[in-house]
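Going in written order, the chains are labelled A, B, C, D and E, and every chain counts its residues from 1.
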Amino acid sequence: MPVTGIQAGRSGERAGVSPDMPARGAGAAATPLALVLETLSVGFGGLQVLDGVSMTIRPAERHAVFGPNGAGKTTLFNLIGGDLMPGGGRILFFDMDVTRLPPHARVRLGMRRTYQSSMLFPELSVLENLLIAVRGVRPGRFGLGRIRPGDVDVAAAETLLRNVRLTDVAAQTVATLSHGQQRQLEIGMALAGTPRLILLDEPAAGLSAAERRDLGELLTALPRSTAFLLIEHDLEIALQVADRVSVMHGGRVMRQGTPDEIMNDAEVQAIYLGGGSKEAGGHAR
Amino acid sequence: MRASKPAAAREPATQAALAIDRLDVRYGRARAVQQASLLLERGTLAIVGRNGMGKTSLCNAVTGMVPSSGSIRLFGEEIRGLPPHRIARRGVAYVPQGRRVWRSLTVDEHLRLAHRFRRGEWTPDGIYELFPRLKQRRHNGGTQLSGGEQQMLAIGRALLLDPSLLLMDEPTEGLAPIIVEQLAATLRSLAARTEMAILLVEQNLRFAVDVADSVAVMVNGCVVRTMPAAALAADRALQQQLMGVHAQGVGS
Amino acid sequence: MKWPRHRDRAILAATPLVVVAAWACHHDTRLFVAATLNGVTLAALYFLVASGFALIFGLMRNVNLAHGSLYLLGAYVGYTVGDQTGSWYLGVVAGALGAAVLGVVLQVSVFRFMPGQELRQALVTVAISVVLADLMMWVWGADIYQLDPPEWMYGSSVLPIVQHYPTYRLILLVLAVAVGGGLWLLLNRTRIGMMIRAGVDDRMMLAATGVNMQFVFAVTFAIGAGLAGFAGVIGGSALSISPGEDTRYLLASLIVVVVGGLGSVAGTAVGALLIGLSEQYGLAYAPTYGVLFTFLIMVATLFYRPQGIFGGR
Amino acid sequence: MDSTRSTPAAGWPLLALHPGLMLAALAIYPMLANDFFILQIGGQTLMLGLIALSLMLLAGYGGMVTLSQMTVAGISAYMVALLGDSHGGASLGWPWWLAIPAAIMVAVIAAAFIGALSAKTEGIYTIMITLAVGVAVFYLVLQNRVIFNGFQGLSHVRPPVVLGVDWRTPVAFYYLALACAVAGYYFVWRLRRTAFGLALQGIRDNPRRMSALGYDVIRHRIAAHAMAGAIAGVGGVLLAWYNTFVSPATVGVDAMINVLLVAVIGGIRHPLGAFLGAAVFVLLQSFAIDLIGSQRFRLLIGLIFLSTVLFSQDGLLGLWAQCRRWWVSVAGRRPFLISSSELPDR
Amino acid sequence: QQELKVGLVASLEGAFAVLGQDAVRGAELALKERGGVAGGKKIVFVRGSSDASPASAVNATRKLVEQDKVALMIGPLSGSEGVAVKDYAKTQPAVTFIDGSSGGQETTLVNPSPNFFRFNLDGAQVMAPLGPYAFEQGSKRVMVIAEDYAFPYSQVQGFMSGFCKAGGKVPRKAWIPIGTKDFSSVIASIPNDVDSLLVVLAGADAVNFIKQYDQAGGSKKVIGGSVMVDQTVLSYRGRFRSNLVGTLSSGWTADALETPAWEKFVADYRASSKEAFTAPSYFAFAYYNAVKATLNALDQVGGDLSDGQAKFRKVLAATQLQSPVGLITLDHNRQAVGPAFITKIVQRPDGKLVSSVVKAVPKIDQHLNMSKAEFDKMGIGSRDVPACP
């Protein structure tokens, strides 16, 4: 399988491939790539958090991002989603340069994301939260018409509600939900509309075993037209759904490959996966 | 400051570390915990259960963060109704769900603040050794940390209090697998070497079974079952029944 | 990080200012220097008042709109004690203590029950200030009081260019610098500063590490309110003490702190300078619309830096 | 801000005030009251309530606590005086059908401008920037003599005689104010369930997430300000007619804060609160002196205000809801307990 | 005995609250002097309170007129309130309005209302004698430092009309925004070539100005506006007070007026209430006059308010009021024509500062004793009117 586009930036690892080659290669004329990241970098104060990250995601690709804590995964999502502006580099979304677009403009182009720590509307009900998510990508956001039960939007929100298993608490205000329930809602909000790319930041965190299983099924069952990028420390889920895996380390992409390749990579095991046996970290203290 | 801890806590006491009896937690008219009873003699007890079953509410009740009714005894002494800081001074430390680090304090300040009483074997340097990642970020503010780093910080903060009872609410959330492994080892060795009792709420069944001696299952605010960890680990049918985990559940 | 990016804009804004200043200096050097000095010393007074406000507001996120009342109370108490005992120093101590005690009472009996509810606290404190204003009017009437500082502070010192300059205003400057330094140390170098910041972020978690945060908050409030009372006596010796001063200084503190940015000593100082200078330049050069400019400066600052000059999230 | 967040919205169904009944009561009120009660109590309440309502829209739904609503109303008041007929300043004498819409338009534009200035600020910073704008406007009209006639302001602002009715007679003014108030109330009340209203509430709760869901937060805020500006603008026109003059005191700091007090005393989370607060405020202002004499009556107002905010999270409406809840729980305690222990699976 | 309700509005809230209370004392004193009866009827005051803003004054007045149905209205206290209440008066022709203490020039000069009467001099009238006198005393070039609104405008106009005519020059006027407390930059901007300052500031502002002027080493002669040398300022204890001695001013009354009528008034005033000031303020004095004139007129008509109060108003307009300071009559606009006093601050042996009379001017009309044409040429006082740089 050809390298689809994971290059560590300036480090010179896999130096043979220039960052934007695969994006603009022969195939560009046919279907545009879902996402192209070109040598993204960003720093806070003296700290270089991302250091030349390049990556491409094909339409319908399901891509998992692994990496130790603090590798820069969430920061990468913040750049793609528009919450942060990169210090350098470019972001192409279906061939469109979105590097400087505000978040809401990217969302309207079909990008959606979840947050690692839930970001919800605590005073509104669960259904209203989803309704807002549904309306966000449809025209009429300034609409002064009354929303009634039975509207298409409400129906769409109710479908989401069922998908993330929150029908029972639909009318409850979000502030009264348990942590896990809020995580479920967080995922539901990212699924609204027909996104072309979803960024999922540790969606399984805080979910119980049963809900994790549901999540896995939900992700697998997403229409194939939707690409997603998934940060996840729960390997079971990640491997269940991902086609490809990238591993980030210290602000760079260190490896990419198929799930199998990654799982068997010695270096990845050393910095991220661990030995998988009880003795691995025994000498910690 | 040591004196504030009951003498009983250090002696090989006959009293259970934590004894919860018919505990109720209410939010308005909704009951999150209903008549839950729980006994933790020593060692590690894990609580598992699906989302929204009342695990966090139980922990919050023990630490005094939400009002409750019933009885909570710490080494034989009733602590229900005490304000949180009193409870903490009696040797209860808490790793809360969602991390709850202080946004305007740096990593270093977190640890220094928690190490106020300077008791026990843990020091900020020890924590940095346990989580080297934190040391690199020691001058960063709480919210400038990545999710996993925050989790490490929350754990470090609790350990520095040198608790006799450590409450951990989903401590592995957001941690990389390798750190999880390391944490498991640390907890096991802590529980083995010291008198510290650990109450662990966990979604990661594998981790729970790995660390805990016994496991309690919560359903709808009640503790419905307590059993040795090994028994749960071995019995997939039971896992399936209690938690809706199916086929590829955890085995030992 | 932020400054370099704004450098061009800053230079663009600074150039006309420098030109105008040069013109003003050329036009009437004495007036310009005097107005500048007046602005700086007025800023010192504003800083003294606002520092307590900044402490309470910045650290505890408590929007204490009764701060002006604490100022006035300190001034009245300081005046009464100073007048009775004949000692200005005793008056200063009494004013600071009086306000501190009231501050603690407020914290323990009112604000404790509404943590984190900014708007509600703001409104409660507005109500309290209305009540306090009337109570103080009851006790002290509407007379104009003024406390005279000791002999050596009164009168004027000889400075170059401006010739005579009130000594007391120079002392204001010294006091402001001292208080600012002390505050900075308290916030950044002491455990209590750390605790307060932590308590504001998540007080339950602070309690869960064994800190009695009610005590910590009460202490903070005492310091903040005590500073207000202290400023009251100091300010009451520079300017007059009368009903209505409470809202004046409250407004000044609010503007200073908000323009400067929350919870930062440096920000408060910069805010105070900005406001003090613009007020005095306005009076000296454009009395008719000068006041307007102070507020336009504030609007502009908040528009470009919604968190204040030194504020950051 | 936070206190607007702390009361669960669930309390509202407990409000058992039937709208039809209330409307009927308001409609027949002039038949039962004298001129003073019709104009100064009734008319003024509705007018002030309308201005407070605009704040309620911004603060209750959008989480933007602004102090400049009185300024917006004042701008509209100054504009009717200037564009229409008045003494003192540079009034243009336009006909009413031109002057009134133009005045409200100017108010809307001013409000949108204030919205744009403050859209990036939050919490106390919003309060402060709007306060600063308000004070700046106050000093502008105070210091400018050519157009705004300075301290003295513009006098002889009277409503036009339209359809043969003198709209300044108490009954006519009352019904005019009532019509505006009902329209405003209905608009705001209904807004809660519209796409825009929902978006506004989302912005109140979490602006960053709104942006990540495809909403342009800044534009929504500006639009909310413009809407509130229209409401306040109508209130401002009424205000000018009611007083028959506008002066800097109309837009002074006290007046700005009074609007906030009115909205908060009533309850800032429901449009009804604005009018309830206005009624209490106007009654107190008019009759406190009869209750307590002249000496300590600021104290009375202060104490009433203090106890409202101290004991209720959400003004008088919140207090009312609390009472209802308490009553329900006392009256129906047993059954609730039983049913709650038999709650279905979560 | 029949009751007659009389409305009484004063500022009992806000910054003027204390002054408002003193005004009420003055009004009550006048009523008490007659045993609470006039024209055979028992007079009952119904009170209203404003916060010194025009809107609140009208609201309070409207309540008294429309709700409490008073027949006569007394008030309000301050200038802009007066204008607003006068306008309201036009809509209530059945009620007679007697001004309390408001001193706005326009109130009775521009568009006067036929049912609105004022028994005190306006701000310009009372300052008119001072200008020529100050010129005589050696003030040739004066800088004006005054607050930026209507009342100081007319005070300055009153001063300058005579001063300029006498040949004085006013090269610079500093109009200070209301509420300024720190005058140091204004002080720094005082040109060297003026010999005196005309300071029209009230209460605390005056105190602050004088103290700061003293501290900055200022030495020019200070001439004060009418409210500048009030007892609120004089009774204030502080080091600077010695600087006040010798300050010239002009007012409606003077503390050390040594006429029997005035001394009796002061004694009665002080006996009337425990909380009374050492000497009646201008506001007590003005309200006292207003009430006294009203009651006199009521007596004369025997309490007859029929016929739209026509008879009562006629008598009121023709009033020859023997006020504590002298005779006050009304002109055709129902505005007072009466005495004013040039005063100088002196220190009494007991250390108290009082204003002593330097010169009494028995009669000043609203045109400042000029012809109407001459006055109209000058126009109403404002920032730039009059001017003689």
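In the analysis below, a residue touches a chain if its C-beta (ideal position, glycine included) is under 8 Å from a C-beta of that chain, and two chains touch if they have at least 3 such contacts.
Composition by chain, UniProt nomenclature: A, B = ABC transporter ATP-binding protein; C, D = Branched-chain amino acid ABC transporter permease.
Keep in mind that this is a model prediction, so the values were computed, not measured.
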item	value
Co-neighbours of subunit E and subunit D - touch as defined	C
Fewest hops from subunit A to subunit C - one hop per pair of touching chains	2
Chain pair with more C-beta contacts, B-C versus A-D	A-D
Chain whose average C-alpha position is farthest from subunit B's own	E
Chain centre separation in whole Å, for subunit E relative to subunit A (CA means)	76
Whole-Å gap between the CA centroids of subunit B and subunit D	49
Distance between chain centroids, defined by C-alpha means - subunit C, subunit E (Å)	37
Whole-Å gap separating subunit C and subunit D, where each centre is the average of the chain's CA atoms	32
Subunit D residues counted as touching two or more neighbouring chains	139, 143, 298, 345-346
Shared interface positions of subunit E, touching two or more other chains	17, 148, 177
Overlap residues in subunit C, where contacts from two or more other chains coincide	288, 291
Touching residues (chain side subunit C, partner subunit B) in the complex	191, 194-195, 197-198, 200-202, 204-213
Contacting residues of subunit D [partner subunit E, same complex]	34-37, 39-40, 44, 87, 139, 142-143, 145, 150-153, 155-156, 243-245, 247, 249-250, 252, 254, 285-286, 289, 293-295, 297-298
Interfacial residue positions of subunit A with respect to subunit D in the complex	81-83, 102-104, 107-108, 113, 115, 119-124, 128-129, 131-133, 135-137, 140-147, 168-169, 173, 175-176, 189, 192
Subunit C residues within the subunit E interface of the complex	30-31, 34-35, 38-39, 41-42, 137, 141-146, 148, 154-156, 162-166, 168-169, 239-240, 242-244, 248, 279-281, 283-284, 287-288, 290-291
In the complex, subunit D residues that touch subunit A	5, 8-10, 190-191, 193-196, 198-199, 201-202, 204-206, 208-217, 220, 223, 345-346
